[in-house]
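Quick heads-up: structures coming right below.
The two complexes that follow have chain A in common; it is paired with chain B in the first and with chain C in the second.
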Partner chain A sequence: MFFNSLAFAIFLPIVFFLYWFVFNKTKSTQNALLIVASYYFYSCWDWRFLFLLVFSTFLDYFTGIQIEKSNSEKGRKFWFWLSISVNLGFLGIFKYYNFFVSSFAEMFTSFGFKVSPFLLNVILPVGISFYTFHGLSYVIDIYYKRIKAEYNFIDYSLFVSYFPLLVAGPIERATHLLPQVKIKREFNLEKAKEGVYQIVWGLVKKVVIADTCAVYANAIFDHYPSMNSFSLIMGAIYFAFQIYGDFSGYSDIALGVSKLFGLDLLRNFNYPYFSRDIAEFWRRWHISLSSWFRDYLYIPLGGSKGGLWMKIRNTFIIFIVSGFWHGANWTYIVWGFINAVYFLPLLLSNSNRNNMDPIILKWNFDSVKVLFSILTTFLLTCIAWVFFRARTITDAVLYLKRIFTNGEFSPQYLDNERYNYELLLMIGLFILVEWNNKTKVEPISGKRSWLKMALAIMAIIAFGTYSDYKEFIYFQF
Partner chain B sequence: MKSFLKYLLEILFIALIVCFGLQYFSDNGLKKLKGTKINDWQNIIEGKINSDVIINGSSRGYFMYNAKNIGELLNLSCFNIGFNAGGCNLQQSKFDIYLKKNRKPTVIIQNIDLSHFLKNTELPDEWQFTPFINNEIINSFVTKYDDKYKYLPYIPLLKYNQNFQLLKKGIIANFSSSVTKNDKTINGFSPQDRIFKIDYHNLERIKKDKYYFNEIDFRNEIKEMVCFYFRRLDKDAKVIFVWAPEHKLRCSLLFPEKGKILIDELNRIESNNKNFQFIDMRVNEISNHDEYYYDTYHLNATGADIFSKELAIKIKEILN
Partner chain C sequence: MKNFLFYVFKILVLTFVLMFIMDKVYSYAFRQSNKRSKISFIYNSPPINYDVVILGSSRANNHFVTKMFTDKGLKTFNFGMQGSKLFESDLVLKLLLEKKNKIKNVIVDVDVTLKSENKSDGTFLKFLPYFNESYVIREHFKELDDFNSFYYIPFYRYLRFDSKIGFREMLFSVLNKKSNEIDNGGYGPLPENNGNLNTEVLDFQPHRNRYYEEIKKICKVNNINLIAIMTPMCEKAIVNNYFKKVNQLYPEIYNYENIVAEDKYFSSCGHMNDMGAKVFTAKILNDFFSYECN
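After this line comes the complex of A and B, so read on.
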């Protein structure tokens, strides 16, 4: 059940109605309803993986309590590593096993050994990377005594399986969401309105921007050897907006839906394409994942303390692991590596925290410099996205090489000719709207919100892509 | 909670007004833009055509029969209801829609060739129906080909989804009456001001069609097609089937044995029915001139003019 499907349009009002009119007596009834709704939501993909979700929930719930209860350090460590290894084990089996086995087999073959690897014929359970990371952060926080273990299984289950964030994040922290689910929610008109604004803006990003860009990005990436420089540049830009619209659109809908139930989720995107350098980009893109890796990997590895080599090593580790988190393919690893290379000069010159202040443009030379740095950062991310999107590293390299060697800059006929110039206009308008509202969570709230809502709904109906419900890209991670 | 639900309804109401407004504005512009396919549909469903002579056919009918020239030479009113990329089933449906609001014609000119027997399972050029989806006659026709038309009338603006060009064109049409040259229609005929370019894909398609042609019972199909018109027209109405000039490259690829079956049957029907005529112009002087075609399938505006005049002279002889 996708957020942009008719099924969800029916599911959401039913759950909303039951939540506020039938199950609104206590926090326990509210939570119980949300869990049932979440499990139903998840089972719409594949009910068999529901067992995996329930098992993972129970494991972390149980080990969390055992870690807290253990009197000895040995016991605490045992339960801690049990949880970590089982969680990562599931992730490894379902997501990475085939990749590792076939990569090793290829390596052995290149040395002249004939290997027939045993590959698993399993599909990736939707959202496994997200709910595993929810559970991991919870157990790690208990182990390091940052939080207390949760003894109410219903409350804990809701933290892990809450449907708006279940399949594509944001990756929540127990410190943020658990306290909210432990109290009864009262309806708040302003919060509900904010939720609706976010849902509508998220849909604009997904069905108008992302899915329309996808038509062209796919046509160009799938036929890149016959495309000229102009088309290839456009393909990279289309994909940049496809992935941004897709993932941030999902996050906006998730945050908006959650607000309808009185629960606030962590903000996941903060207009990342307006970043002035790569460090700022990573503070604005997939914030919940970046901060997760910072808190649970980078800092435990020593962070930026220690010597120069330690800093460099840790930077490369978190970017490469972050790339690998996205999928079992070398292209994601190279994407992470490229971002580490982008980040390195900022780290070495201690300028990775330079652009913390909000962007303010005036009619002076400094503003020209700011605009130039925004464009440069966007260009760098587009180059990295080519690796993210391409099927293989060779494809990505050839794609980029062709941009520089082909030298033709005339528009080409694509699979679907419609929208070519209109899409550019639409992207331009989208950038303008986001730029003018970059200090807000979404652009609809504020003055004349009724008019902006009406126009956004009109755009969703007239310009959205509905030929078949396009899956959100991040569902596969 | 009450205020929230009220707020949602208000927003929905405003959004609906904006969408309906925009849709109305665009529909209206498209319908009133004279000399276009959409305007022709509008005239058909409003019963404003009422011509003595009706020309029907697929793209070859639509792009090659200059209804104005034919009408002037016959001294009769003439209109072309050809259906670009439409097989015989769509052409017949269009004629039925025409008859719902218009006077029965006294003469039918039906373009015929081997491709005429191909039937559509999907609607080509769906955009031409966009402004009429809320019209009962058109809706019941298009719904046969796509279920989406069942709900499109109820969600404003959704019918323009993914067709920004048409929406834009419709809005602009409220302020400007200009039509792109090859989109212009004259009495339903669409002259193509284009120079010849070989369409290899169409030539390739002929080879593929071979298998399809083997399954067609040309004798029965053609009989049924002739009866289709006689069942609907007055008893003294004339039905004229015309095989328009084929380009020389296509002539060599067509299937003589299939063509012969078809022509023999048409001649047989002609000899048995005084109100039926078959005019065979498939191999004609025009066939040898690239400058009269825009591809191997279709005559351009110049070729269509020459062919239409020649045809009108032949028809005049028949009618006299």
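After this line comes the complex of A and C, so read on.
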């Protein structure tokens, strides 16, 4: 059941009605309903993996309590590592086992040894990377005594399985969401309206921007050897907007839906393509994942403290792991590596926290510099996205090489019976709307909201892509 | 809560109103050009007195050279469409008559299309912009699964098939931008093959087809001379007596399966190239229209 499906359009009002009119007596009834709805939502993909979700939830709930109750450090460590290893074990088996085994087999083959690896014939459970990270952060926080263990199983289950964030985040923290689910929610008109604005804007991003860009990006990436330089550049830009529209659109819908139930989720995107350097980009892109890795990997490794080599090592570890989190493919690892290379000069020159202030443009030379740095950052991310999108590293390298060697910058008719430049106007308009609203969460609220709502709905109806339906990209992670 | 529910209700009303308005705007826009597709050519052109109308799939579209008919003084248009089936051929004929065109002869390619009575997913949607206005389209689509959605939900058809009849196509209609579908009087010439024709296997059975029978009935009622033809396949085709089986079902269909057979006349096994189409069309003109040319 996707957020942009008819099934969800029926599911959501039913749950909303039951939540506020039938199960609104106590927070326990509210939570119980949301749990049932979340498990139903999840089982719509594959009910068999529901057992995995319930098991993972129970494991972290139980080990969390055991860590807290343990009198000895040895006991605390035992329950902590049990939780970590089982959680990562599941992730490893379902997501990474085949990758590692086939990579080793390829390596042995290249040395002249014939190896027939045993591969698992399993599909990746939807959202496993997200709910595993929910559980991990919870257990780690208890172990380091940042939070208390949750003794109410329903409340804890809701924290892990809450349907708006279950399959593609944002990756929540116990410190943020658990306190909210522990109190009875009262209906708040303004919050609910904000939720509606965010849902509608999320849909614009998904069906108008992401799915339309996908049609062009796919036509270009799938036939890159016959594309000219201009098409290849456009392909990278289209993919940049596809993945942004897709994932941030999903996050907007998730946050909006959650507001309808009176719960605030962590913000996941903050106009990342207006970043002035890569460090700022990573503070604005997939914020919940970046901050997760910062808090649970980068800082425990020593962060930016320590010597030069320590800094470099930690930077590469966090970016490569972040790339690998996205999927079991060398392309994601290289994507992470490239971002680390982009980030390193900023870290070493101590300028990674230079651009913390809001962007303000005036009619002066400084603003030209700001615009130039935004454009440069976007260009760098586009180059990295080529690795993210390509099927293999070789494809990505050849794609980039062809941009520079082909040298043709003319309009080209693509396999999808469209010209390569056709979306430029739409993307330009989208950038303009986002730029003018970059201080807000979405552009619909505020003055003349009805007019903006009408325009957004019109865009969804008229410019959305429906016949070439695309799943949310981040569901596969 | 009451305020919120009323707010959501207003958004739903707004959405419905916008869909209704845009449905009207799009439908109006699709009336502005007769150059976008063969269907727009039928729907948006003034009535024409045709001597010959050609119907069928790509095997009609690529095989009947319109210019050779018109050179003989026969007002002709090739309405054959890539991927279309008898479901669409029947509807094209009905639509031509609904739009008050006069037709003397209909040539219809009936061979591999006898395998099913389904619609062609890529072709039937070209009729949808005229769904609300055309009685025959509505009647013809009555048995489709989506009929009620097309009928009752404004804009649904444009939304469902946005890649073919969405904003882009609507815009080109308003701009009256010409598509190559109606070039050459509707005939689509194919290039020569690269010397490597793949074998085509007709391993299915022909069936009686309600749309072909409807075409026969319409022609009879409207006093139109119907010429049903099976067009050539290359020598490599494994036809498994398919064409003979067609003749057992419908003896009136002329079998031209082997009239053109050499590889050099084909672009792919089931489709002649321009050279083959000219040889074939000359034969058809000679066999059926020599009296009109005298």
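The working rule: the second predicted complex is superposed on the first by the 469 of 477 C-alpha atoms of A that agree within 3 Å, B and C clash if a C-alpha of one lies under 4 Å from a C-alpha of the other, contacts with A are read in each partner's own complex, and residues count from 1 in each chain.
One rule holds in what follows: a residue touches a chain if its C-beta (ideal position, glycine included) is under 8 Å from a C-beta of that chain, and two chains touch if they have at least 3 such contacts.
Fair warning: this is a prediction, and the values are worked out from it, not measured in the lab.
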Room on chain A for both chain B and chain C (clash or fit): clash
Contacts of A:189 with chain B and chain C, given as first, second, both or neither: both
Chain B versus chain C as contact partner of A:405, first or second or both or neither: neither
Which of chain B and chain C A:350 touches, first, second, both or neither: neither
A:462 touches, of chain B and chain C: first, second, both or neither? both
Shared contact residues on chain A - chain B and chain C: 20, 187, 189, 192-193, 196, 418, 422, 450, 453-454, 457-458, 461-467
List of chain C residues in touch with chain A within their complex: 1, 3-4, 7-8, 11, 14-15, 18-19, 22, 155, 159-164, 166-168
Residue ranges of chain B in contact with chain A within the complex: 1, 3-4, 7-8, 10-12, 14-15, 17-19, 22, 155-158, 160-165, 167
Chain B contact footprint on chain A (complex, rising order): 20, 187, 189, 192-193, 196, 418-419, 422, 450-451, 453-455, 457-458, 461-467
Contact footprint of chain C on chain A as seen in their complex: 20, 187, 189, 192-193, 196, 215, 418, 422, 450, 453-454, 457-458, 461-468
